[in-house]
């Protein structure tokens, strides 16, 4: 994680976070430890609760604890232990929060309002968390600034477009060992992630069909050279289907009824609702069976459909999740967002990652790649300003 | 121009512009006639001044005049005649203006303030015009709403990315008849247009190097698989150079000194300032000579550099300019922007094209292509709303 | 033409063709003059007849004559003058012939058998010429070796794949100024040239459909990610059709009947037989009209079809033909083939360009591009030989 | 394996192999069982020896034995048992052999010459086996025809180009979980497989550099838009290196000395000689350590290099090997080659797979994909023949 490392090195020199109480509720992994190290290097005191007992790495808990962070969490702990961890971090009266689902800020607003006064602000890493916080804001109850880290441009570029684009295909290949060249792959949803999946599928030799509900995205797909058509029409054409819409029942009974024998169904969206699993089971004439570890086959009488990873998000369920390069960008945005909260004193509300932070993360990433770029000469800068004179 | 045609057909049925006085200052071409027809079909009275005497098509002037539009302009008319045309349109007390460089609105604000009262608003088609209008707004003097048509997403997609991307290469090929496969093409500037040029150059088999001053754009280029480096380093690598930055002296003496024998220099930016022509002439050891109609060769002693179209924007100067499909999108946005100005009664200031207009243009374009897309079921719409409940 | 130039420089040093009588029947253009110069530099005496009166450049005739070549031809000369030129070259008793359609060798075999004794061999540049010569060979009558220059790998790569691939699209754009992005382009025929057209069309943002009669080529297209289907089915899908099969009536009445309004028909094959022009005229309900200089529109009642360049080969008829880089490779193969004929003393029959010649042309081209490559170490060479030990 | 299945169904109807004794020495896997079934369906008696004790699937042995095939092999059996299996198959006096390394034919020629009389011919699946058989042929000792199945065009297309292209990247991703977008990947060797790796790496967003020793291949790579340079120069540029040359020491000490910190080294060639492992160990200043299950890190003092899968072929060692679609094409060629041997009665020597077989495999594959293609009309066929008239 070279970007985070270079930020840590600067923070260690500048100590811009001296004495700052940071409370975090994140997945406790090796990457998160690097994030904590950077904050500590900058002078912060860090308390950490595990965002999910299933992802907690106990050796990371031990190591961070040994270094003086207050870490609450144990792999497989129960819901009460988890809730106690969140409360413990909140009761440390954090000045800045780092959330992965808005738990710290929600608890602060609802159960510990007396601690809100000392709050400088928070960051949020997930779409789900942002939905909760924006609902709070819409009700006029959000009292602090929150920076929407997962909407940073560098984050979207690495996480959604390139990261998930690559890892979704990777998950499909690990589950099936199919040859993508010559296959027809249908991408349902052409948002940031869907674009990444479509791009990579074409790069792997597949013929790609895009289905959309938004005319602007549909037109973008068409102009990019993809075939665009309604999902019902695509149902009869595809060898592989990938849902990535954020919506439910994107593939349902009417689609299953038109699919070819051997079609593969994968979901790249966050929740396992995009493929209508109940309808799929109902369509089957016998009990589904696992033909490979991550492939469940549904016998429809005249055809068989193959569901990957039970319809759960295929890049995580069948692959290794995000490359470290992706987390590097996320956590770099996190740390710089904390620094920005401290220096900028924003008003209450959900704020975007400042363009300057985004650009700084990009700059550091380029430096880590050894890529140099140009800068404006004085004459050129003056020329640009000239327009406004 | 199928999108504009379908809008015209609807306007002819609905007459939403009945009695509206529209004043336009645009290039008087066959495409502009279609735009005027659509406005007239909607019930508007249209007065038109020619935005540039060099592009005026006299037969279009005649035809529109015969149809009852007041058209001012003649190919090759002098500056006085041009100015008189603008004044004539302004003096018609337009309720909505269509500008291609902000002339109508500038004259209205400066020379005919008494007519501002009746003004509903205007549209602007160019970056230059927007710079002028935004300067006016910054001074607190802009009294009407202006819609920035050239910043619509559909406009950028067709005009900048795909349109100029294709036509820039087309201009280079017409001027040189070079084989692009196997060549190294350097794109200086990775904005909307630069991305289009880079994409198309790669699609034509060239190896593409990108130069940028913005780290975010540079990172995007790198992640897209392009090589990114400073222009001075690229100078020694390129066979073909394309400037598309909006800035001056992007290629200058230090670059010329490192270029290979036979290198080709083309500009895809609006003004002919991006290649430092004075420095190029100064570097030459003898008088430049035209080796092909659009290729001027500069003998540097040990090497020769080939400048295309005197450094003027190569897609227009060496090619045919934009395909009709591009103008179709621009003018569709124009007409819908006029309709929006009338119905929405916006406050003073430069406004973006509303997303609904952009989406409607996309929808009509898809329809003209025969592309159908999906729509949300009630259950799916409810599911999306559910997040906010 | 850097490859030909480097060959000429070597020939000028080595004089391997000293005193050799070379007779050529080629298009008399500036490029051909470079070819003649290379042969003369190597010591040959060159006599040249114009292969086609329409392509003869009189200033090249004059210049070559002034340099001592015997050149027969004048732009626009009649058939008798043309035939006299061929006879004149033949009567010079050439030891090596360079043909562009097999005229010299055919005349030698039929009308001047007494001169065959002195013949070392010939080269042939065209498919048509090779068909004639192979027919002669099949009858057991071909008495000399002929090298099939147009089947060299470097020739096919530059001429068919990259050269015609690029120039075909270029011709279509010059004729129509269409935006290719978002269009569906149907390529009929997936040979060397068809592959090039399909690749470049995809690179320009089009969605590409391939039609074929050969299962192997069809499978290659499919594995490359193209959609493959029968032409009748593609007829209803395409916006642009490009024939490149070498066969007749590839697009005929049944296809026209299914095409969309505004469909564009272009031929990239050698002869204007691939689009059934008689059927197209018969389908029209009124006289065809030229809507643009190179676009003839056929009104079919409910739809209009647009034929480019009267169905003649579109890259030549609507574009500038081959880039110089392509001719450079062809003529480099020509000269090295002459050298090979002299040194190798082949038996009668049509021979491929020796792999060593092909590789040498590739090597010189790389050198002209400034590209360096690796060579085997002694240990590596030994390792490879080891397999056979 | 739909292609093999459709062949089996035809053979079951036609019985062209009635009573034919087929001896095979192949990997005993589920796919091989399908091959055996097809031969048996055609009327053959099949005896099978396991080509490699490590790949033998005992349940397949059991199943085939139960069906009446004589199968010799057991997972993990020793060399004597293996040799005994080969002898047993040979002693069954096969009329046709199927080899995966030339063991059956070598034993027949050397140890059982008396059985050669009854031999109709054999097929060979591997490059290694062909080298042995061609050496035998060069010595004038090969007494039967052998068909080189692995040189079929369909085989190369699926196996080398698309199969290994995809699975090599897949192996690298499984070993490292790297994000390929934005990385520089160096492909050493641009043969069938190297082209596939380069194509797929570019499709995954990497910037690709190609190193070659052959000018023709180097030129092809350059014309395809790849950067081409000597390996020593590429050494300092690459993030990931993939060797696929068939030669030894392609990456050696001089390259390691220039590589960047963190560079990844993978081999996609058959043998683990392409990366000079001894030199890599010698360059390390401490004991190499496994940082991930398939990643060994070499500390060079100032930099670390990461070797994948101990330099063994990365698509097999770190991935799942070939998709079933690839084996389907191989075994389809095998069965049709057996049929051809029986019907065509070829002379001794190594023969290519007949074009008709290749085309038939392509045809069946297209059918299995549901792809239809065109056929020549009588008029078109006559037109083509006309050239020769």
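Going by the order they are written in, the chains are A, B, C and D; count residues from 1 in each one.
Throughout what follows, a residue touches a chain if its C-beta (ideal position, glycine included) is under 8 Å from a C-beta of that chain, and two chains touch if they have at least 3 such contacts.
Computed from a prediction, not measured in an experiment: that's the story for all the values here.
Engineer: If you tally contacting C-beta pairs, which pair wins, C-D or B-C?
Structural biologist: C-D
Engineer: Determine, using the mean of C-alpha atoms as each chain's centre, which chain is farthest from chain C.
Structural biologist: A
Engineer: Quick check: how many Å separate the C-alpha centres of chain A and chain C?
Structural biologist: 53
Engineer: Counting only Cα atoms for the centres, state how far chain C is from chain D in Å.
Structural biologist: Spacing between the chain centres: roughly 36 Å.
Engineer: Based only on mean CA positions, could you tell me how far chain B sits from chain C in angstrom?
Structural biologist: Each chain's C-alpha centroid was found; their separation is 39 Å.
Engineer: Residues of chain C that touch two or more other chains: which are they?
Structural biologist: In chain C, residues 158, 162, 181-182, 202, 205, 219, 222-223, 369 touch at least two other chains, as defined above.
Engineer: Can you name the residues of chain C that touch chain B in the complex?
Structural biologist: Listed in rising order, the residues are 158, 162-163, 165-166, 170, 173-174, 177-182, 199-200, 202-205, 260, 320, 323-326, 369-370.
Engineer: Of all residues in chain C, which touch chain D in the complex?
Structural biologist: Result: residues 131, 135, 138, 153-154, 157-158, 161-162, 211-216, 218-220, 222-223, 228-231, 233, 246-250, 273, 358-360, 362-363, 365-366, 369, 371-377, 379-380, 383-384, 387-388 of chain C touch chain D.
Engineer: Could you pull out which chain D residues touch chain B in their complex?
Structural biologist: Its residues touching chain B are 181-182, 202, 205-207, 219, 222-227.
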